[in-house]
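Notes follow the structure.
Order of writing sets the chain letters: A, B, C, D and E. Residues in each chain are counted from 1.
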Amino acid sequence: MTLSILVFLPLWFALIVALLPDQRWIRPVSLGLSLLHFILCLVLFYQFDPSKASVQLVERYEWLPTFGISYFLGIDGISFWLVMLSAFLTPLVILGSWTAIKDNVRSFHVCLFLLLTSMMGTFLALDSVLFYVFFEASLIPMYFLVGVWGGPRRLYATMKFFIYTMAGSLFMLIAIIALIFMTQQQFGQMSASVLDFYKLNIPFVGNDLLNTQTLLFFAFALAFAIKVPMFPVHTWLPDAHVEAPTAGSVILAAVMLKMGTYGFMRFVLPIFPEAAEHWAWLFMLLGVIGIIYGALVAMIQPDMKKLVAYSSVSHMGYVILGLFALNVYGVTGGLYQMLNHGISTGALFLLVGMIYERTHSRQIAEYGGLAKVAPIFAIFFVIVTFSSIAVPLTNGFVGEFLILLGGFAANKIYGSLAVLGVILGAVYLLWMVKRIFFGDTGKVVKEAHGTPLDVGAREIMVMTPLVILIFWMGIFPGDFLRWSQASLDHFVNHRTQYELSVEE
Amino acid sequence: MLWEAIGFYSLALFLLFFGYKTITVPNPIHAALYLVLTMIGLAGTFYNLGAHFIAGVQLIVYAGAVMVLFVIVLMLFDLRAEIRSFTRGLFSGSLKVISAAMLAGLALGAANSSVAIVEPQSLPAAVDTTRQLGHLLYTKYLYAFEALGVLLLVVAVGVVAVSRSKGGTHAQH
Amino acid sequence: MPSIETLMHIGLPHYMFLSAILFSFGMIAVLMRRNVIVMLMGIELMLNAVNLSFVAFARESGSLNGHIMVFFVMTIAAAEAGVGLALAVAIYKKFHEVNIRFFEHLRG
Amino acid sequence: MEIQFGLIDFILVSPAVALFLFSCVPLLIKVLRGNREQNQFATLIYGIIGVVTAVGLLVPTMGVERTAFDGALIFDGISSFTSLILLLVTAVGLTFARDSRSTNPNQFTENVFLMMNCTVGMLTMAWANDLIILFVGLELFSLCLYMMIALSLEEKLSKEAAFKYFILGSFASAVMLYGISFIYGTVGSTYLPEFLDASQSLLGTNRLFLIGFILLIFGLCFKVSVFPFHAWAPDVYQGSPTPLTAYMATGVKAVSFAFLLRLVAAQGFTVERFWPFVDTLQWLAALTILIGNVGAFRQKSLKRMLAYSSIAHSGYVMIGVIAAGIGGSSMLGASSVLYYIFAYTLMTAGAFGVLHLLEPQPESDLTYEDLRGLGSERPWLALSMTILLISLAGIPPTLGFFGKFFLFSAAIKQGLVWLAIWGVIGSIISLYYYLRPVLAMYMEEPLFNRGQSELRPLSYFTVTTLAFVILIIGLGSEPFYQLILAALT
Amino acid sequence: MNHALVLLTLLLAPLIGFLFNGIRFRAQNAVLAGTVATVAAGISFICSIILFAQLLALPAEQRVLATQFYDWISVGNLRIPFGFVVDQISGIMILIVAGVGSLIHLFSIGYMAHDERPSKYFAYLNLFLFNMLLLVLGDNLVVTFVGWEGVGYCSYLLIGFWFSDEAKAAAGMKAFITNRIGDAGFLIGMFILFVTFGSLNYADLIQLIPPVIETGWLGPITLACLLLFVGATGKSAQIPLYVWLPDAMAGPTPVSALIHAATMVTAGVYLFVRMSPILVLAPHAMEVIAWTGAATALVAATIGTTQWDIKKILAYSTVSQLGYMFLAVGVGAFSAAQFHLMTHAFFKALMFLGSGSVIHAMHEEQDVRKMGGLSKYMPITYFTFLMGWLAIIGIPPFAGFFSKDEILWYAFSSPHGSKALWFIGAVTAACTAFYMTRLMALTFWGKPRFGSDVHPHESPPTMAIPLIALAVLSVIGGWVGIPHVIGEILPGHPANYFHNWLEPVIGKVGSGHGSAMVEWALIGISVSLAVIGALIAYNSYVVHPEQSAKFAKLLGPVHTLVANKYYVDEFYFSRIINPLVRGSRALWLYIDVNFIDKATYVAGDLVAGAASFVRTVQSGKTQSYALYMALGLVLVIALTLGRFV
C-alpha cells in the first residue's frame, strides 16, 4: 500500500487545499502537507531492501485486463532516488514560492500537488500504459503552471512545451500498443507490464533501420529524447524555463526532465537491447553534441534563466552519454547525474527566482557587483555553481566523473569530446557569476535603493537543505548509490536478457 | 415483347426529352411542368414494367400532389425566368457534368459486365402483386410503415412550425 | 452496333440505362441550377430514377421488396419535397431570394 | 408466405413507440390550449419521462440477440448500445434545448416533438436489419433535423444551414438509395443478413454490387462527414442552434457508425478482392483526420472549430471501422468503435453544451476571445470545458485517451500501423486548437464586457456531470469495455 | 602514535579552520580569524613533522604510511577510496606545504589586518591548505584530482578576493578556466589509465603496468602521460596555458606566495615525480615535457626582463622556474625536480612575501619604477629579499644553486637530455640573474623614485618572522641535496641526502654520461653566466640607469615583442576566445533560432497554410460541396474498380 499512498496522497492534498476556507492558510497548509508527504517517503528507507535488484513493494491489480493492462506499482533502485527527489523538492518549491506567487494561490498549490501525483506515478508505474497515463498527465498541471503564473511570453512557451512533449510521446503510445500485442503473440496473453516487455524477443533482423525493434526503439526514444531534451529537439526547454515561474522551472528541470532519462533506463535500454546497442553511437553522439552545444549556447545567453536552461541541455547530454555508454560507470553516473542535475539546477532556478523577485530583471548585463550587497546570496550561488560545474566534493563531480569514464570506456572519441563540456561548463557559469556578482555595481543593483537584495531567513531555509545535499552527495556518494547499486549492477550485467523479479 | 419495346422506346424518348427540358429551362414554372410530364412518363414506364400499383401511386402522389405543391410554392415566389439558370464557372461546371456522367457511366459499365440479359422472371399478376405488397407492408414492414406514418406526422407538424416561425429575436418583443 | 435482337429484347440494361441518364440529369440539376426549387426538382428526379431502377430490378429478381422500397421512397420523397419547400419558403422570407448563390454566409 | 409476428415484436420496438407517444403529449396539450405554449419545464419533463420510459423498456430486452418483424429489425449488442447512447443524447439535447437562447420559446413544444421523433428515426436506423428500414429511419431523423435547425430563433444562418443540410442530405440519400437499388438488384433482397452473406461472393465478382456497396457506405460516410463528404458539417454545425449541434453531432454519428460497423464488422472486408476499396477507405480516413484537424487549426469560431474537430474524430472512428472490417471475427475493432463513439458523444455533447451556456444571444458565434477570463469568473464551467477539451485531445487520464488507445490498438492489431501513426499526427495538430481555449480561459487577460448570462442550472449540471464522468470513467474503462465486448459477442 | 589519526588531524585541522572562519565570514576581526587559521595550519605542520618522523623511523624500502578512510566512489571495478599515503615524496611535500603554508598564514595576519573581510580570506586560505594536502597525500589519481581541482577553485576565490575590481574577478575566472582546460586533459589521462590498466591507485598502477618502454606516440602510457601533462601545464603554468599565472597576481600577495609560487603551481611537478616510474616508460612523453619545460623557462624568463610590476616579474620568474622543474622531469631527473620544487618554494615564497611587505609599505604600489632605495627603509625585508635573490640566481651555497645546477647537469648528461636543453637552461639562468638583479636594483637600490607622500616602513613582526624563517631556509635549504662532486670536496663529505631519500620511489632512467670534470665545467659556466647576467643588470639599472632605455631601443621590435609578452594573450583572445563567443552566438542564432525553431514554425506554418487552403475550399457554396461529394464518389469508385481484377 505504501506506494499507492505515496502516489495518491497528493491528490487528496490537492482536494484539501482546494477546499480550504481561508486563503491565508493555503501556503502553510500546503507546506505542511508536502512535508508530510516527504516524511512518508522516508518510510521507503525502511521498507526498501537495497541489496536486491528486484522491484519491491509491488502492488498489482487488474485494470484493463482485456489489454493486459494492470495497475502495477513497484520500486527498485533506479526509481528509488527519483521518487525521493520529487518528494524532496516539492516542499522546497512551495517554500520558495511563498511570496513570488501572488495571484491564484490556491490553484497554484493544487497544480503542484497534482504534479506531485503524476511525478510519483511516473516513477513508480511498472505498467507501460499506467506509466504513459502519468507521464502525460504530468503535462497538464505543468501547462497551467507555466501558462498562468509565467512571464510575458508564457502562452507561447506553454503551448510549445505542451505540443513538443506530447508530440513525441504519442508515437510512444503506438509503440506501447505494438509491444502489448507482441506479448500476446509470444506469451499467448496480453500484458502491458514492463517486466513482460523485458522478456519479449523483438526481431532485430534485416534492414538496419526498418526492422521492428529499431522502429519501436526510435518511437520510444523520440518521446524520451524530447522530454530529456536531447540536442535537436531541445528548443522548447529554454522558452518554457524562461517563462515559467520559479516553481515551474524547478520542477520542470529537476524532475520532469528526469522522466525522459528515466524512460530511457526503464524502457528503451532494457526492452530493446540490440537496437540500443546498435544505435548507442547515435545517442552518445547526440549526447556529446548536447553537452558541447548546450554549453556554447548557454555561454552567450543574456538572460540568466535561459542560460541555466541551456545548461540543462548540456547536463542532460551527460546523462544520455552515460546511459548509452551501457557500462556500469556510465549508467551509475547517469543516474547520479539525474539527481545532481535535479538538485543543482533546481537550486540555480530557485536562486535566479529569488533575485528576480527583488529586481525584476534577469538580464545578466544589468547586474554586477551583487556579491557586495548580497553576500549570502552570492555564497549560495557560487556553491551551487560549483556543484553545477562538477567541482570535486560536490555532487556534480561524482556523476560527471562516472559518466565521462563510462563514456570514454565505451567510445574514446565521444568520451574525450565530452570532456570539453567540463571546460565549457566552467566558462559559461563562471562568466555569468562574474558578470552578476563581481565587478562594478550594475544597473539593477544601483536602482534597488533600500530594497535588501540579500536572501532572507525563508530563502536560507530553502537553500540550506539543497546545499547540504550538494556536499553530502559529493562527499559520501556511497550513502546514495548504495540504494541503487544492486539494481544498476543487475541492469548493466543482464542488459541483454534483462528481467526483474517482483517482491511484495 | 414487341409492345414492350415500342412502349419502352417511346417512353424513353419522352422521358429523356422532358427530363432534359426540366433541368435546362430557365423558367422554374416551366421546369415544374416538364417535371410533371417526366413523372407521368415514369408512371408509364412502371406500368410497362408490370408494376401497376406503383404506377398508380406515382401518378397520384407525384404527378398529382407533389407537383401541385411545387407549382404553388413557385407561384408564391412570383418568379420570372432567370437571367442565369446555371451557376458560373466553366471548370467547375464541366467537372460537375463530368462527375455526373461518370457516375452514371460507371454504374452502367458495371451493370453491363455483371447483369446478364435473361428472360425476365414472370411476376405474379397485377392484382396479386398489390396484395402481396399490402401483405408485406402490414407484416414484415409494419414497423417501417408506421415509422413512415410518424414521418408524415412529423413533417406535417414541422413544416407548419417552420412556416409559422416568425423568426428572429423580434418574436420576443 | 447492337443487333436488332438486343434492341428489341427489352431487358434490365435498357431500364438501367434510362434510370442512369435520368439520375445524372437530376444530379446535374442539383449541382448546377441556381434556383433552389429547381434543385429540389433535381432531387425528385434522382429519386424517381432510383425508383425506376428498383422496379426494373424487382421485375428481374421477382421479389417484391423493390416495390415496397419504391412505395416508401415515393412517400418519403413527397415528405421531403414538403420539407424542402417549407424551408424554401422560410429562407425566401428571410432572404427574399431563392438563388443558391445567396446562401454563402457560412464558410471558411 | 405467411409471416408471423407477435407481442414480442411490439415489446422490442416499444421504446420507439414510447418516445413517439410521449412526444405527442405536449403537442396535444399545446393544441388543446389553443396553440399556446405551456410551461417549458413541464414540456421538458414529458420529454425526459419519454426518454426514461424508453430506457426502461429497452433495458429488459437487452442481452439477448433478437430480431423482430421477421428479421426486419435486429436487437443485438450494437443496436442496444447505440440505442442507449441515443437516448442519453436525447435527454442531454432536450435539456440543452430548453436552456438555449436560440430555442424559440413559443415553439419549444415543436422542438421537443421533433427531437424525440428524430430519436425514433435514429433508433429505427440503429435497429434496421433491412435496407428499407435503414432508409426510412435515416430519412425520418434527417427530415427532423432539417426542420429543427430551421426552427432556431437565430435569423439567417440557421436557415441557410438548414437548407444546405437539406439539399446535400437529400442528394446524398438519393445517391445512397441508388446504391441500395444496385444491391437489391444484384442480391435480390434488401434483407441485411442475406445481403451480407451474398457480399462474400459478390464483392469479388460483381461490379454492380461493388458500386452499390460503395454508394451505401457513401451515404453513411456523408452522415458521419468523412472526407470528401464532410463539407456540409462545419457550415451546418455552425449555423445550427448549439443544443441541436450537440445533439446531432453526436446522435447522427453514433447511429451511422453503428450501421457502418454492422455492414463491415460481420465479414465485410475480409474478401481479398475488396482490398482496393479498403485501401481507398484507409485513405479517406487519413484525409478525414487531416482535413478535420487542419480545418480546425485556425478557426476563430469555437463552434466551427468543434465542427471540424468532430470531422477529425470521424476519421479516428473510421480507423476503427476499417480495423473492424479487416479483423473479421476479432471484436477489437468493433468494440473500440463503440467505445470511442461513447467517449466522443460525451465529450462533444459536453463541449457544445458549455458553448451554449455561454451564448448570450441566439446569434452569438463565440470565439476564443469570448472565453477570456472564464477561469476566474466561472471556475467550474471553465474546469469542465478544460476537461472536455483535454479529453477531446486525447490526453490521459481522460476518457478520450482511452478511446484513442482502443482505436489505435485495434488498428495496430490489424496491421494498420500507418493509420495509427497518421492518427497520432492528427492528434498532435489538434493539441494546438484544443488547448487554445484553455489558454484563453485561464491565461489571457479577462474580458470585461462579457454579456452576463443568467444561470441555467439544468444544462450547467449536465455539462459538469459530463465532464466529471469523462474524468472518472476513463480510468475505470474495464467494466465498460467488457460490457461492450459482451454486447458484441 | 597512530598514523591514520595524525593524518586525519593533518587534513581536518585546516578544514575546521575553514568552517570556523567560513561560517563567520562577515567578521572583521583579523587577529582572531588569522590566529585560528594559523593555528590550524600549524597543527597541520606539526602533524606533518610527526608523520615525517615516523617515516624516517622506517627502513628505507618500507617508508609508506598508508590509510584508507572510506570508499568514496565504488562502482563496478572502479574503487576510489579516500586513501592517503605518506611516503618519501608526499612526506616532503606535506612539510613544504604545511610549513610554508603556516608561515604565510602568519604573514597574512599582518598583511590583511586592515581588510574588510579577513575571515573570508583566512577561510579560503585554510580551504586551500586542505585541498593542497589532499592533492599531495592522495593515494590515487582521483583523490589527487579532488585536491587538484580544489586548489583550483580556492585559487579562483582568492585571486578574485577583491571582486569589486572587474579585472581581479576576471583574473580569477581566467585562472579557473585555464586550469579547467588542463583538468580536462587530466581527466582523459586518468580514463586512459583506468580503461587500460583497471586502476587509478598509484601503487597499483606502478605494479600493474609492465615495465616495457613504449616506443610509439599512441601507446596508452604515452598518451596518458601527455594528457596528464596537459593537466600539469594548466596547473603549473606551462606553455601554452601559463597565461593565467601573471594575471593571478591580482590576488592578495600572500596568496601569490602560497598558491602561485610555493605550492599549488608545483602540483604538476609533484604529480610527475609521483608518476615517474610510469613516465619513464614513455620516452616520447618525456621528450615533450622536457622541451615544453625548457621553452617555458626561456620564454617566461625573457618576458620577466621587461616587466615593471614587481609581482608580475616574480610571476614570470615562477613560470620560468616551473619550466626548469619540468625540464628536470623531462630528462628524468625527478629528484632534482622535486629538489628544485622545494628550494623554489622557499625562496620564491620568500620573495613574494618580501614583495608583499614592500607593497604593503608602499601603500599598494606595485610598479618598480616608483620604488628604489628601499633598502634603508625596510632593512629586514631587504636583507631577506637579498637571500632570496642570491638563491634564485644560483650563487653557491644558496639553496637555488644546488637544485638548479643539478637540473642543468642532468639536462646535459641524462640519456633524455641534450646539449640544446642544457643551453636553453643556461641562457635562462643568465636571464634569471638579469631580471632578478634588475628587480633588486629598481626596488631596493638606487635612489628613491616615489613621491614624498609615501613613507615606507618596515612591516610588523608577524610579517617579519616568516620572512626571516624563509630566508634561513633559502640559505640552508639546498644543503640537503649537495651533488656528489661538490660533496666530495666538502668537509664530512655530505651525501646527496635528498636524492637518496627519494631514490626508492622514483622512476629510474639509464645512467648519464659525462665525467666529474664536465660537471665542474658546467657548474662554472652556469655560475659565471648568472654572475654576468647580474652584473649587466647592475650596470644598466644601478650604475648607469639611463642605459637600460637605450638598450631597449637598440633591441627595437624584439623588445616590444617581449615587453608585450609575445602577444600570447592577444593571440588567445583574437583567435580562440572571440571566435568561440562569436561562433556560439552564430550557433544559437543559426541552429537554435533559425533552424530548429524555424523548422518547428515551418511545420506549424505548413499546417496553417493547409488550414487556409481548407478554408478556401470550404467556400460556403452548396453546389461545390455537392461537387466534392460527387467527385470523391467517382474517384473512390474508379480507384476501386480500377484495381478490381
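Basically, a residue touches a chain if its C-beta (ideal position, glycine included) is under 8 Å from a C-beta of that chain, and two chains touch if they have at least 3 such contacts.
Only a predicted model underlies this, so the values are computations on that prediction, with no experimental measurement involved.
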item: Other chains in touch with both subunit C and subunit D; value: B, E
item: Most centrally placed chain - per-chain CA mean versus overall CA mean; value: A
item: Reference subunit E; chain at largest CA-centroid distance; value: B
item: Dominant chain pairing [most C-beta pairs in contact]; value: B-C
item: Computed distance of Cα centres, subunit C from subunit B, in Å; value: 5
item: Inter-centroid spacing, subunit D versus subunit B (mean Cα positions, whole Å); value: 30
item: Distance from subunit D to subunit A - Cα centre to Cα centre, in angstrom; value: 43
item: Computed distance of Cα centres, subunit B from subunit A, in Å; value: 70
item: Residue numbers of subunit C (touch at least two other chains); value: 12, 23, 26-27, 30-32, 40, 56, 58, 60-62, 65, 68, 72, 76, 79, 83, 86-88, 90, 94, 100-101, 103, 105-108
item: Per-residue multi-chain contacts in subunit D, two or more chains; value: 132, 136, 139, 143, 147, 150, 155, 159, 163-164, 167, 171, 175, 178, 182, 185, 207, 210-211, 234-235, 432
item: Interchain contacts, given as pairs of chains that touch; value: A-D, A-E, B-C, B-D, B-E, C-D, C-E, D-E
item: Residue ranges of subunit E touching subunit D (in the complex, touch as defined); value: 604, 607-608, 610-612, 614-615, 617-618, 620, 622, 624-626, 628-629, 631-633, 636-637, 639-645
item: Subunit B residues touching subunit C - in the complex, by the definition given at the top; value: 1-2, 4-5, 8, 12, 15-16, 19-20, 22-23, 28, 31-32, 35, 38-39, 42, 45-46, 49-51, 53-54, 57-58, 61-62, 65-66, 69-70, 73-74, 76-77, 79, 82, 84-87, 93, 96-97, 99-101, 103-105, 107-108, 111-112, 115, 117-118, 120-123, 129, 132-133, 136-137, 141, 144, 148, 151-152, 155, 158-159, 162-163, 165, 167
item: Subunit E-facing residues of subunit D, complex; value: 163-164, 167-168, 171-172, 175, 207, 210-211, 214-215, 218, 222, 227-229, 231-232, 234-235, 273, 276-277, 279-280, 284, 290-291, 294-295, 297-298, 429, 432
item: In the complex with subunit D, residue positions of subunit A that touch it; value: 62-67, 104, 129, 132-134, 136-137, 139-140, 143-144, 147-148, 154-155, 158-159, 162-163, 166-167, 170-171, 173-174, 177-178, 180-181
item: List of subunit C residues in touch with subunit D within their complex; value: 12, 23, 26-27, 30, 36, 39-40, 43, 46-47, 49-50, 53-54, 56-58, 60-63, 65-66, 68-69, 72-73, 76, 79-80, 83-84, 86-88, 90-91, 94-95, 100, 103, 105-108
